Amino acid sequence: MGLVDMSVNLGGLQMQNPVAVASGTFGYGREYQSYIDIRKIGAVIVKGTTLEPRCGNSPPRIYETPAGMLNAIGLENPGIEVFLQEYLPALMEEGVTIVANIAGNSVDEYALITRIIDNHSGIAAIELNISCPNVKQGGMQFGTDPRLVRQVVEAVKQETRLPVIPKLSPNVTDIVSIAKAARDGGADALSMINTLMGMAVDIDRKTPVLGNVFGGLSGPAIKPVALRMIYQVYKEVNLPILGGGGISNTRDALEFIMVGASAISIGTGNFVNPSLAQEITQGLEKYLLEQGLAQIHDLVGAAVQ
Amino acid sequence: MGLVDMSVNLGGLQMQNPVAVASGTFGYGREYQSYIDIRKIGAVIVKGTTLEPRCGNSPPRIYETPAGMLNAIGLENPGIEVFLQEYLPALMEEGVTIVANIAGNSVDEYALITRIIDNHSGIAAIELNISCPNVKQGGMQFGTDPRLVRQVVEAVKQETRLPVIPKLSPNVTDIVSIAKAARDGGADALSMINTLMGMAVDIDRKTPVLGNVFGGLSGPAIKPVALRMIYQVYKEVNLPILGGGGISNTRDALEFIMVGASAISIGTGNFVNPSLAQEITQGLEKYLLEQGLAQIHDLVGAAVQ
Amino acid sequence: MPACSSGIVRSNKKVGPDLWEMEFTALALAREAQPGQFVHIRVGGNQDPLLRRPLSIYDVDAGLITLLYKVVGRGTEILSLYSSDQPLDVMGPLGKGFSLVQDRRVLLVGGGVGIAPLLFLGRELKVRNNKVIVLHGAGSKEETCSGPKFTGLGMEYRIATMDGSLGFKGLVTDLMEREIDPKSIDYIYTCGPEPMMEAVAAFAARNNMPGELSLEEYMACGVGACLGCARKLKASDPSYVKICHDGPVFPLDSVNIAP
Amino acid sequence: MPACSSGIVRSNKKVGPDLWEMEFTALALAREAQPGQFVHIRVGGNQDPLLRRPLSIYDVDAGLITLLYKVVGRGTEILSLYSSDQPLDVMGPLGKGFSLVQDRRVLLVGGGVGIAPLLFLGRELKVRNNKVIVLHGAGSKEETCSGPKFTGLGMEYRIATMDGSLGFKGLVTDLMEREIDPKSIDYIYTCGPEPMMEAVAAFAARNNMPGELSLEEYMACGVGACLGCARKLKASDPSYVKICHDGPVFPLDSVNIAP
């Protein structure tokens, strides 16, 4: 480092570099500790957390699809209190930039979780999962209705001074209107995209593969859809974007940055290559040097016409 | 054949077997004639046709993505009159079941093309492309608004006795409401899904790859999304479904049938394996024999809970 | 500490119908591996197939790791195309392995390719002065390539084949019920198809015998990060274990296999 | 009639930096192939990479088809891993090839791997009693493996390398301008990078010389069914040709390369 400035300010979330690991794909940080120096990651977005503990969906919960995977974890998590008391401290000790990812059954629940986080130290920003397609009461309805998106964001903003980053669902007709609603609610940045809703069939048993029937599609397969939505939103909505969906190498990361992502997130890619976040950070730095660019910001939106 | 009944009646469209080739991926039939016996195909859905000739989008028009491809052909076609006069006769001579795929700029245009087709012989059914994401004036707005979907279908139905099969766009929040609108408009069957809207970036030139910026994502990558939408619609809407999206082998075809497709369509798969339609027809027949089933219909929706 | 390493394939050969044996070197991995643990392998380098594939550690000897795998799909098929000197992208060792008893009379029951983790286990059990009997169930004689390896390490190896082409004709659990005197065994380890392990667990329970088994689930991360490989050990359990992280090995009596 | 056949790889060897030569048998294909046509190959058997890859026919001799290809991405990389006796999923011959003149003085100008279709073309031109001069532009000496093949067929082969390691130092089109007397040539064929072909086209136009070139575009179907490989030959053209079906070969003067 040094020659190029890799740091990013994502709507108030200060990141040492633009590469985050996505919620639900990196556990609580410690699981991958022997594969990657987690202190070098731009931000660790921890597993989606709810007010009460949740035991998650019945298995099978994951399944491979062409260049992608389906997951229906069902937001298994120990609840916000246990997360803050038992999981957070170890991660804080590493000096990592930690982003919470929260999901609620109601606007009030989102607000309440936020209040609890705000009373606690160690969290740098809050990503609002308004888009998890797995839990009937846990997101879908918020992420697909502009009015609800705005309401949730407003309610959460009132409870905290932390940057609030709604994570948009791609399962919508008009992503721009959703993004605008989030902005109008006071969002500091946007995270996009969450998984596409999909399914697979076990033809031998003649049933859906996943215990939950439907699951979220992630991985390289969805990259074209993610790029398109970020491009559309970047053109219309003046908020920094944390972009992801299928990133698996530096070239992919550059595609996201060039359609308007100020920072990127790596999800499924961690499963394939646990040190991917670090490799991409290095790859981006090398690219900037080669291109004679001083900062990553100079590339953001470069391909948007 | 013989031992099992492979024929399908898809809302009035009589097919000798359930395997169709998808619009835009099989030209006007003759292009693949030396690779496959086109008379053995359940139905050939020809390239999308408009009232006037169209020269299509500027290149690049296609690009490979992980387990998929993007296309932005832009409905290049010679117009309905030239199609009927010059392209159709050769195909008719083969004795193939021919489905037209039509797109229009307005409800009136859809109706007019339909009237022209209805005055002509040789077409077995009309697939309504209300979902092509490539041409600004050519579809997107129809396929994503339930009221417009209903209007278009109603208008077309008034012009013809041929089976009318709207082809649904997956780029919507609620596919079931779109399907219901199509049903309420009088659709005889549903075709789903068309391509997901996506894009790719040429990072060396810092521009979108496609001349049209956005393109339709097809191929195995989208299979989980297609299966999910067909599952949802099959449960709620009592119309036969022509299902497709990423089918590349018999197992894929069985997945589609088990979530509710009465017949299937092969698109991108033709490019990879020009005799795929025939191989899948044989594969399905073999499967039925092995399972001791008398007809394909016994499998339709078998995995729907 | 487990790591992501570039192993080097030393050999990769067919040892039965659809059955392959791969040897590779990966020093740290070999040093730390425990019986019952697994490795997580990226096959090919393209986006399809995308996820790593979990395979048990079949044997570890002098820095060389051996896998025994059955070609059942595209991932294992691609793996079978690897040749000597090719690099192998492998994570591990992963999961919690078998506990290693000492000075006991031990029974190992393996079904099909489920025999894989039992060889390395047997090796370590012999080092710990156990008397080891191995029962192996296979389809036919052609699938019993591991036999000589067990006997070579001083274990008693008995085989049951479905077609009777070698040893006892029928299920390995029938062989067990027929030939194993429960009083002669202190501890059971098993790995194989779930119905087989269920019969083994029932046998153990009837005879008040402790033991362990190894489970499988689809996996993505392999390290406990994705919560994908969830399973309730007993239907009455309130929460799900993660096979990759809490297992794949569990006490026989903690699991209730029948759904 | 073109078909989808299972060719059999006979050899596949590296002949330069990132440059490979593959020989395979596919009888019908070999019988029907015309110079300038291409084959469409499915590399690997997985969903990624998904689409076939178009490659020119480099040579056809006694039922054996040869390809010359540069490894530029994943598809060609996978192709380079094929070994003898492996089946090759290949469609072809596709497209419209070069027209074959007779009893003329012909110039072939190839740039880089664009030399590929010119060898088979040269072979057929020699059969038709043409005098053939080949100009080949390459990065360096290491990329000129095709030289002996041209001379072996009785063509005059001259080389230009960017680094001067062999022949003329500089662009092949500079070599052409310098050494080719327009009056000594009746017909030009060219294939290579577009700026090079543009210079060749300008040379031909200036000297009122007819000729043909071969174009490239991304392809999906390769047979004219998807309308993907569209291109306007001249900016003023009302409609798009399909490179796979209307080409890849076009008259030099029908194309206006600069956008």
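Which chain is which? They are A, B, C and D, in the order written, and residues in each are numbered from 1.
Definition applied: a residue touches a chain if its C-beta (ideal position, glycine included) is under 8 Å from a C-beta of that chain, and two chains touch if they have at least 3 such contacts.
Bear in mind the structure is a predicted one, so any value in this text is a computation, not a measurement.
Shared contact partners of chain B and chain D comprise A, C.
On a Cα centroid basis, the chain most remote from chain D in this structure is C. Averaging C-alpha coordinates per chain places the centre of chain C 53 Å away from that of chain D.
Chain centres here are Cα means. That of chain A falls 47 Å from that of chain D. With centres set at the average Cα position, the gap from chain A to chain C is 36 Å.
Residue positions 47-49 of chain C each touch two or more of the other chains. Chain B has residues 66-68, 219-221 in contact with two or more other chains.
Chain-to-chain contact here is organised exhaustively, every possible pair of chains being in touch.
Of all the residues in chain C, the ones that touch chain B in their complex are 47-48.
Of all residues in chain C, only 1-4, 42, 47-52, 91, 217-232, 238-240, 245 touch chain A in the complex they form.
Considering their complex, residues 44, 46-49, 74, 78 of chain C touch chain D. By the touch criterion given at the top, residues 65-68, 70, 144, 171-174, 196-203, 206-208, 213-215, 217, 219-225, 227-228, 231, 246, 251, 254-255, 258-259, 302-303, 305 of chain B touch chain A in their complex. For chain A in complex with chain C, the residues that touch the partner chain are 24-27, 31-32, 34-35, 47, 55-64, 66-69, 71, 73, 76, 219-221, 248, 268, 270-275.
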